[in-house]
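Next come the structures, one after another.
Look for subunit A in each of the two complexes below; its partner is subunit B in the first and subunit C in the second.
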Partner chain A sequence: MFLVWIILLPLLGAALSPLAAQRGRGVAAWSAGSASGLALALTLWQALPLTADSEAHISWSWIPQLGLNLSLRLDGLALLFVILVLAIGLLVILYAHYYLPKSDRLGRFYALLLLFQTAMLGIVLSDNLLLLLLFWELTSLSSFLLIAYHPHSSEARKGARTSLIVTAAGGLALMAGLLLLGHIAGSFELSTVLASGDRVREHELYFPTLLLILLGAFTKSAQFPLHFWLPKAMAAPTPVSAYLHSATMVKAGVFLLARLFPVLAETEAWFYLVGGVGLTTLLFGAYTALFKHDLKGLLAYSTISHLGLITLLFGLGTPLGAVAGLFHVVNHAIFKASLFMAAGIIDHETGTRDMRRINGLWKYMPYTATLAMVAAAAMAGVPLLNGFLSKEMFFAETVHHEWLGALDWLLPTAATLAGVFSVAYSVRFIHDVFFNGEPINLPRSPREPGHRIRIPVEVLVALCIVVGVMPGQTVRGLLDAAVTGVLGEVPYYSLALWHGFSLPMLMSLVALTGGVVVYVLRYQLFKLHDRWLPRVSSEDLFYRFSRGILRLARRFMQSFDNRSLQRYLAWLIAVAAITAAAPLTNGVILHGGADLMPIDGVSLAAALILAVAAIATVRMRHQRITALIMTSLVGLIVTLTFVHFSAPDLALTQLSVEVVTTILLLLVLYFLPGGERLEISPLRRVRDLLLAGSSGLVVALLAFGVMTRSHTPISEFFLENAKPLGGGSNVVNVILVDFRGFDTLGEITVLAIAAAGIFMLLRGLHLPLPEHGFGRRQWAVDVHPLIMAAVSRPLLPLALLVSLFLLLRGHNAPGGGFIAGLVAGTALILQHLASGLQWTQQRMKRRYFTLIGGGVLLASATGLASLLFGRPFLTSAVLHLELPLIGEVELASAMAFDIGVFLTVVGTVILILENLGRLSTQQSAQPPTEPEEMR
Partner chain B sequence: MILQTSIVIAFAMMSLAMLLNLWRLVRGPDTPDRILALDTLFINTIALLVLGGIHFDSNVYFEAALVLAMMGFIGTAAFCKYLLRGDIIE
Partner chain C sequence: MEILLASVIGLLVACGVYLVLRARSFSVVLGIVLISYATNLFLFMSGRLVTNRPPLITEGGPYTDPLPQALVLTAIVIGFAMTAFVLVLALRARGELGTDRVDGPRRGEKQ
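Coming up: the complex of A and B.
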C-alpha cells in the first residue's frame, strides 16, 4: 500500500501547491518539500528493510480488457531511481525557492514540478507496461509545461515545442513497441514479461519490437541523432534543467533500457543498436560540448555525452556493463545536478551565461567556485571523486569486451577519445569561468550569493566526495539491490579506488592529460571546427521536415477548403439529403397505411403562416431586424404545433429558448457591420434553391413515411418505467434527469464551460457604437423609458414564481430545471433591458460563476450520492411524505439534480447576455442615466 | 352546445385575425409596424391557446399561454429597445 502513497504524496503536493502559494513563497516551498520529503521518508522506512531479493508489489485491475492494471512494484532498480528522483527533487525544490525571482509566487512551478515527480515515480514503479507508458507520456507533458514556464519567451516556447514533438513521437514508437512486447509475452504485466526473455528474443517480431522501444528510449534520453531537443530545453528555468534535463527525466530512457535488459539484451541487434548509438552519442556529445560558449549549452551536451556513455554500457550487454551503467546513472545525477545549480547561481550573479565574458570569477565568489570545481572534476573523472569510479569501470568494460573481434581496439580507443574531450570541456568549465583573466562587460557585478541557495549544491558536492572516497560504505548496498533488479543476481565487481596499474588506469591518465592538452589548444580547434565541419545538423533537418509537413498539410487543406461557411453547409446538406433519399429510390411505398388526420382550419392557417414566415425570412434577409422578427414568428408557430401535438415540455422549452435567442441576436446585430448587399451569382442561387428545396422535400417525405407507419417506439419503455424507476410521471423530465441523467450532466458542464469561455473572450473587449439608428434615425434620448421600467419590474416576481412552479413540479408535469432556468434568466435580463445594467447590478449580487459552478457541483453530488448507497452513478431515490395541509409529497433525489440544472442555466443565461450587453456600454459617451426612482 | 359552437366560431375568427396580422407583418411598411404585428400575433396566439384549452379540456394549454404571455412581452420589449437605442442592454 505504501507504494501508492509514494506516488500519491507528490501528486497531492502538486494539487496543494497553488493553494499554499497564496500564503507566501515559503509556505509553497515547505508544502512542496514536505510532499517530496514524506514520500522519501516513506520509501526509506518501508523499503530499506526489504532484502535484495524481496520486493513490494501491489495490483488492482483497472481496464482488464486492455491488459491495463494498476500494478506497482518496488524492486532494487526501482528503489534506486525512486531515491534519486525524490532526493534530488527535494534539493531542487529548495534551490528553486531561492533561485526564482521573488515576484514568482511559485505555486505553478511547484505544482508542475511535483506533477513531473509523480510521473517519474510512476514510470519507475510501474509493473505494467501500459501503466508505464501512461506515466511516460505524463513526463513528456509536464516537461513541456516546465520548459515553457516563462511562456512570453519565444525561445522557451520553441524549446518546449521541440521537446514535446520529439519525445511525444518517441512515446508513440514506444507505445507500438510495448504493445508488440506485450503481444509476444502474452501479458502486459512486467513480471510476466521479464520472465519470458527467451521467448521474446526468439520471436520473429523481436527486431521491430526492439527498434520501436529503443526509439522511445533514445528520444527520451537524447541519443544522437534525436538529441537536439535537449539543448533547446535549456530555455527552461535552471532548477528545471537541473532536475528534468540532467538528473531524472532524461534517465527515463536509460531506466527503460535497464528495466527491459533481461528481456531484450544479449543479442547482436541489441549490441549494435544500443552500443552503436551510445558510442556515437558519447563521442558527439563530448566533442560538441567543448565548442559551446553558453554555460548551460556546455552542460547540456555534456549530459548528452554522459547519457551516451550509460547507453553504451547497457549496450555492451554484459553484467558488469549494467553495473557500471547503473553506477554512472547515480554519479552523473549527483555531479550534473550540482553543476547546473552552480551554473544557475553564476547566471544569476553575472547576468549572462556566455563563457567568453564570464572570466575570473574565483576572485568574486571563491566558495561557489570551489563547489563547482569539485563537481566539474567529478565530471572529468578525477580520482577520489565519484565520476572517476564509474568511468574507470566503463574503461575496464570496453577493454574486456570481445564482440568486435579484430576491431576490439576500436571501443577502448573511442572511449579514451571521449574521455579526452570530456576532460577538456570540464577544464574549460573551470578555467574559463573562474580564472582566465577578468570578466568582460558583465551586466551585473558578481558576488557570492546568499548562503541558502548553496545548500543543495553543498549537499551534492559532498556526496561526490563521499561516494568517491568510500564507495563501498555508501552506495554499494543500493547498487547491489539495483543490479539484482536488473540481472537477478549480483556479479562480482569491485568498487576499490585503486586497482593497480592496468589498462583502464592508463586510459584515465591519457584522458586527463589529453584533455588538458586539447583545452590548451582550444582556439586552434575552434577555428578548425568552424572551417571544416559541415553546417548541417539533425536539428535543421528536423525543422525542415516539420515545416515541410506543415506546408503539405496547408496546401492539401487549401485545395478544397476555402473557409466559406456556405460551402461547408452546402456539402453537409447535400450529403445528408442524398443519403436520406437513397432508400426512397428502391420503390419503398411512402404511405405506411395509417389513417390520415383530418385537416382543420386553424392548423391550415398556422401552416400558412409558418410557410410565409419562412419564405419571408429568406426574402428579407438584408433587413436584419425584419428577418429576426420573421424568425420569431417561425418559432411561435413551432411552439403552437408542439402544444397542439401533446409535447408541452418541448413547447415551453422552445418558447423560452426563442426569446433568449432573440435577445442574443439583438445584442449581436447591433455590432454587425452594415454595408451594401452582396450580389449572389444566378448559378449559386440555383444551387442553393435546389439544395434547400430538395433537402426539405426529402425530410418531409421521410417524416410522412415514418408517421404513417405503425411501429413499436422505444417510448413504451420509458412510459412504463418512468414512475417505478424514476419516481416521476413526466416522462420527458425523468429521461432528462434520470435515464439520460449522465448526458444532462455533461450538457450543463459544457454550458458552464461555454459561459466561462464567453466571459474570458469578451473581457476587456470594446466595440464601437454606431452613430445612427435604424434607417438613419437618431437614437432616442431617453435611455430607459419610465413606462417600460414600470411594467417590467412587477413582472419579475411573477416570472420567478412561475419559474419556481415549473421547477418544483417538473418531475411530474411539464416543466423542469432547464425551462425554469430559462424563464428566470429571461425575467432577470428584462430588468437589465428596462432599467439598465447599473440599476440592476446595484440590486443583484453578480456571483454568476458561483451560481454556475454550484449548479454543476450540486448535480454531480446528487449523482455521487447514489454511489454512497452502493448504487450506480445517478440512481434516483424517491421519498414519499405525508405533509399536513399540502398532502402527499414525493421527493425524488432527481429534484436536487434538477435544481443543479436550474442554477447552471440561470447563471449561464444572465452571464452571457449581460456580458454581451456590456460590450458597448463602457464606451458610450454619456454614462447611462438611471430611470427616475419610482416610489 | 352553445359553448362548442361559439368556440368553433372563435377559432375561425382568431385564425382570420392571425392571417391579417401576417399580412401586416409582411407588408410592413415600417419596422415598428412589424413589431406591433408580431406582438398582436403573440396575443392572438394566447387567445388561441386558451380556446384550445377549453375545447380540448386540458390544462397544458393554459400553462403554455401563461409562459407565452410572459415571453411575448419580453421579446417585444427587446425589439422596441433595439429600435430606440440600438443597444438593448446598457
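Coming up: the complex of A and C.
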C-alpha cells in the first residue's frame, strides 16, 4: 500500500501548493518539500534494505478489457530511480525557493514540479506497460508547462512547443511499440512481459517493436538526431533544467532501456541501434558542448553526451555494461544537477550566461567557484570523484566488448575521443568562468550569493566526493539492488579506485591530457568549427518540416473554411440530406402498407394555416415582429396536432414553451432590430432553395415511410407496469420520472448547464440600445402599462396555484414537473414584464441558482435514496396513505423527483428571461419610469 | 392524413433550412425554431397517428404509444433552452463583433 502513497504524496503536494502559496513563499516551499520528503522517508523506511522479500507489488484492475491495470511494483531498479527522483527533487525545491524571484509566489511552480515528480515516480513504479505510458505522457506535458513557466518569453514558448512535439511524437511511437510488445507477450503486465524475453526476441514483429520503443526512449533521452529539443528546453527556469532536463526526466528513456533490457537486449539489432545511436550522441554532444558560449547550452550538450554514454553502455548488451550504465545514471544526476544549480547562481549574480563575458569569477565568489569546480571535475572524470569511477567502467567495457570483430579498436578510440572533448568542455567551464582574466561588461557586479541557495549544491558536491572516495560503502548496495532488478542477478564487478595500470586507466589519462590540450588550442578550433560547421542541422530540418505542415494545413483550411456559418451549415445539411436519401434510391417502397387515416376538414384547414404561417415566416423575416407572430402561429398548430393525436401532455408542454419562447424572442428582438435588407446572389438563392427543398422532401418521404409501417413498440411494458410499478396512471409522466428517470436527470442537468452558460454569456455584455423601434416608431413612454400591472398581480397566486395543481396531478393526469415549472416560470416573469425589474426585485429575491441547483440535487437525492434501501439508482417506492377527509392518497417517491424537475425548470426560465430583461433596463441611460405604486 | 402530416413536416424542414442559411442571426434562430417543430413532430409520429386514446390508464385501453411522447416532452423543454442559448450567443456575438451577420468576414475586412 505504501507504493500508492509514494505516488500520491507528491500529487497531494501539487494540489496543496497553490493554497500553501497564498500563505507565503516559505509555506509553499515547506509544503512542497514535505510532500517529497515524506515520500522519500516512506520509501527508505519501507524498502531498505531491499531484499527479494521486501519487493513490493500491488495491483488493481482498472480497464481489464484493455489489459490496463493499476499495478505498481518496487524492485531494485525502481528503488534507485525513486530515490533519485525524490532526493534531487527535494534539493531542487529548496534551491528554487531561493532562486526564483521574490515576486513569484511559487504556488504554480511547485504544483507543476510536484506533478512532474508524480509522473516520474509513476513511470518507474509502473508494473503495467499501458500505465507506464500514461505517466510517460504526463511527464511530457508537465515538462511542457515547466519550460513555458514564463509564458511571456517567446523563447520559452518555442522551447516548450518543440520539446512537446518531439517527446509527444516519441510517446506515440512508444505507444505503438508497447502495444506490439504486449501483443507479443500476451499481457501488458510487466512481470509477464519481462519473463517472455525469448519469445519476444524470436517473434517476427521484434524489429518493428524494438524500433518503435527505441524511438520513444531516444526522443525522451535526447539522442541524436532527436536531441535538439533539449538545448531549446534550457529556456526553462534553472531549477527545472537541473531537475527535469539533466537529472530525471531525460533519464526516463534510459530507464526504459534498463527496464526492458531483459526482453529486448542481446540481439544484433539492439547492439547496432542502441550502441550506434548512443555512440553518435556521445561524440556529437561532447564535441558540440565545447563550442557553446552559453553556460547552460554547454551543460545541455554535455547532458546529451552523457545520455549518449549511458545509452551506449546499455547498447553493448553486456551485464557489466548495464551495471556501468546504472552507476553513471546516478553519478551524472549528482554532478550535473549541482552544475546546473551553480550555473543558475552565476546567471543570477552576473546577469548573463555568456562565457565570453563571464571571466575571473574566482575573485568574486571563491566558495561557489570551488563547488562548481569540484562538480565539473567529476564531469570530466577526475580521479577521487564519482564521475571517474563510472567513466573508467565505461572505458573498460568498450575494451572488452566483442561485437565488431576486426574493428574492435574503433569503440575504445571513439570513447577516448569523446573523453577528450568531455574533459575539454569541463576545463572550459572552469577556466573560462572562474579565471581567464577579468569579467567583460557584466550587467551586474557579481558577489557571493546567500549561503542558503548553496546548500543543495553543497550536498550534491559532497556526494560527488563521498561516492568518488568510498563507492563500496555508499552506493554499492543500491546499485546491486538495481542491477538485480535489471539482470536478475549481480555479476562480479569491482568499484575500487585503483585497478593497477590497465588500458582503461591509460584511456583516462589520454582523455585528461588530451582534453587540456584541446582546450588550450580552443581558439583555433573555434575558427575551424565556424568555417567548416555543416549549416544544416536536424533542428533546422525539424522547423522547416513543421512550418511546411502548418502552411499546408492553413492552406487546406482556407480552401473551404471562410468562417461563414452559412457555408458550414450548407455542408452539414447537404451531407445529412444525402445520407438520409441514400437508402431511398435503392427502390425502397415508401408506402409501408398500413391503412391511411382519412383526412378531415379541420385537419386540412389547420395544415393550410401552418403552411401559410411557415412560408410567411420565411418571407417576412425582415419584419421581425411579424415573422415572430407567424412562428408562434406554427407553434400553436403544432400544439393542436398534439391535442388531436392523443398527446395531452405534449400539448400542454408545447403551449407553455410557446409562451416562454415568444417572450424570449421579443426580449432579444430589442437588441437585434435587423438592418438593411441583404441582397442574395441568384446563385446563392438557387443553392439554398435546392438545399431546403431537397431536405424537406427527404424528411417528408421518410416521415411518410415510417408512418405507414406497422410496428410493435416496446411500450407495452410501460403501459402494463405504469400502475403496479410506477404508481401512476399518466404513462408519459411515469416514464419520465420513473422508468427513464435517469434520462430525465440528465436532461435537467443539461437545462442547468444551459442556464449557467447563458448567465455567463450575458455577464458584462454591453449592447448599443436602439433609439427607435421598427419603422422609426418611437418607443412607448409608458414602459409598464398600468392595466397590465393591475391584471398581472392578482393573477400570480392563481397561476402558481394552477402550476401546483399541474405538478401534483402530473403522475395520474396530464401535467407534471416540466409543465408546472414552465407555467410557474411564466407567471413569475409576467411580474417582471408588467411591473419592471426593480419593483419585482424588491419583492422577490433572485434565487434562481438555488432553485436550479436545489432541483438537480433533489432529483439526484431521490435517486440516491433508493440506494440506501439496497435498490438500484432511482428505484421508486409507492406509499398508500389514508388521510382523513381526502381519502386514500398515493405517494410515489417519484413525486420528489418531479418536484426536482419542477424547481430546475422554474429556475432556468426565470434566470434566462430575467437576465435578458436586465440587459435592456440596466443600460438605458434613464431608468424606466416606475409604474405607479399600487398597494 | 399521413400524407398531410408528412408534407407539413417536410415543409417545416424546408422553411427552417432556408432560414438557417440566411445571413443574419435572428433568421437563423427562427429557422432553428421551425426545424425543432419538425423534429418534434417527426419523433412524435413515429408512435403512429392515433386519435382519442391518450396514454392515461384510467380511461381503458388500447392506448397510443407513450414512449415517443415522453421523448418529445423533454425535447421540447430542452429545445427551449437551446433556442435561448443560441439567442444569447447571437447577442454576445453582436456585442463582441458589432454585427448580427453570420456570413463570415467580407472582402477587405480583417478576420
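Convention: the second predicted complex is superposed on the first by the 588 of 935 C-alpha atoms of A that agree within 3 Å, B and C clash if a C-alpha of one lies under 4 Å from a C-alpha of the other, contacts with A are read in each partner's own complex, and residues count from 1 in each chain.
Basically, a contact is a pair of C-beta atoms (placed from the backbone, for glycine too) under 8 Å apart; a residue touches a chain by one contact, two chains touch by 3 or more.
Model, not experiment: these values are computed from the prediction.
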Subject >> Touched partner set for A:Leu765, first subunit B, second subunit C, both or neither >> reply: second
**OP:** Counting touched residues of subunit A, say whether subunit B or subunit C comes out ahead.
**Re:** C
**OP:** Could you say whether A:Ser59 touches subunit B, subunit C, both of them, or neither, answering first, second, both or neither?
**Re:** neither
Original post:
Which of the two partners, first being subunit B and second being subunit C, lies in contact with A:Ser196: first, second, both, or neither?
Top reply: neither
Subject >> Touched partner set for A:Leu669, first subunit B, second subunit C, both or neither >> reply: both
**OP:** Kindly classify A:Ala607 by the partners it touches after superposition: subunit B alone (first), subunit C alone (second), both, or neither?
**Re:** second
Original post:
Looking at the overlay, does A:His644 come into contact with subunit B only (first), subunit C only (second), both, or neither?
Top reply: both
Original post:
Between subunit B (first) and subunit C (second), which does A:Gln566 come into contact with in this model arrangement: first, second, both, or neither?
Top reply: second
Original post:
Does subunit B (first) or subunit C (second) touch A:Thr626, or do both, or does neither?
Top reply: first
**OP:** Return first, second, both or neither, reflecting whether A:Ser792 touches subunit B, subunit C, both chains, or no partner chain.
**Re:** first
Original post:
Which subunit A residues come up in both lists, the one for subunit B and the one for subunit C?
Top reply: 604, 644, 646, 648, 669, 814, 916
Original post:
Which positions of subunit C touch subunit A when the two form their complex?
Top reply: 1-15, 17-30, 33-34, 37-38, 40-42, 44-58, 61, 63-67, 69-70, 72-74, 76-85, 87-92, 94-95, 100-105, 111
Original post:
For subunit B, which residues are in contact with subunit A within the complex?
Top reply: 11-12, 14-16, 18-19, 22, 25-26, 28, 31, 34-35, 38, 41-42, 45, 48-49, 52, 60-61, 63-64, 66-68, 70-71, 73-75, 77-90
**OP:** Going by the contact rule at the top, pick out the subunit A residues touching subunit C in the complex.
**Re:** 562-567, 569-570, 573, 594, 596-600, 603-604, 607, 610-611, 614-615, 617-618, 621, 624, 627-628, 631, 634-635, 638, 641-642, 644-650, 653-654, 657, 660-661, 664-665, 668-669, 671-672, 674-675, 678, 688-689, 691-693, 695-697, 699-704, 706-708, 711, 713-715, 718-719, 722-723, 729-732, 735-736, 740, 743-744, 747, 750-751, 754-755, 757-758, 761-762, 765-767, 812-814, 818, 822, 905, 908, 912, 916, 919
Subject >> subunit A - residues contacting subunit B, complex >> reply: 601-602, 604-606, 608-609, 612-613, 616, 623, 625-626, 629-630, 632-633, 636, 639-640, 643-644, 646, 648, 651-652, 655-656, 658-659, 662-663, 666-667, 669-670, 769-770, 773-775, 779-780, 782-783, 785, 788, 791-792, 795, 798-799, 802, 814, 823, 826-827, 829-830, 832-834, 836-837, 913-914, 916-918, 920-921, 924, 928
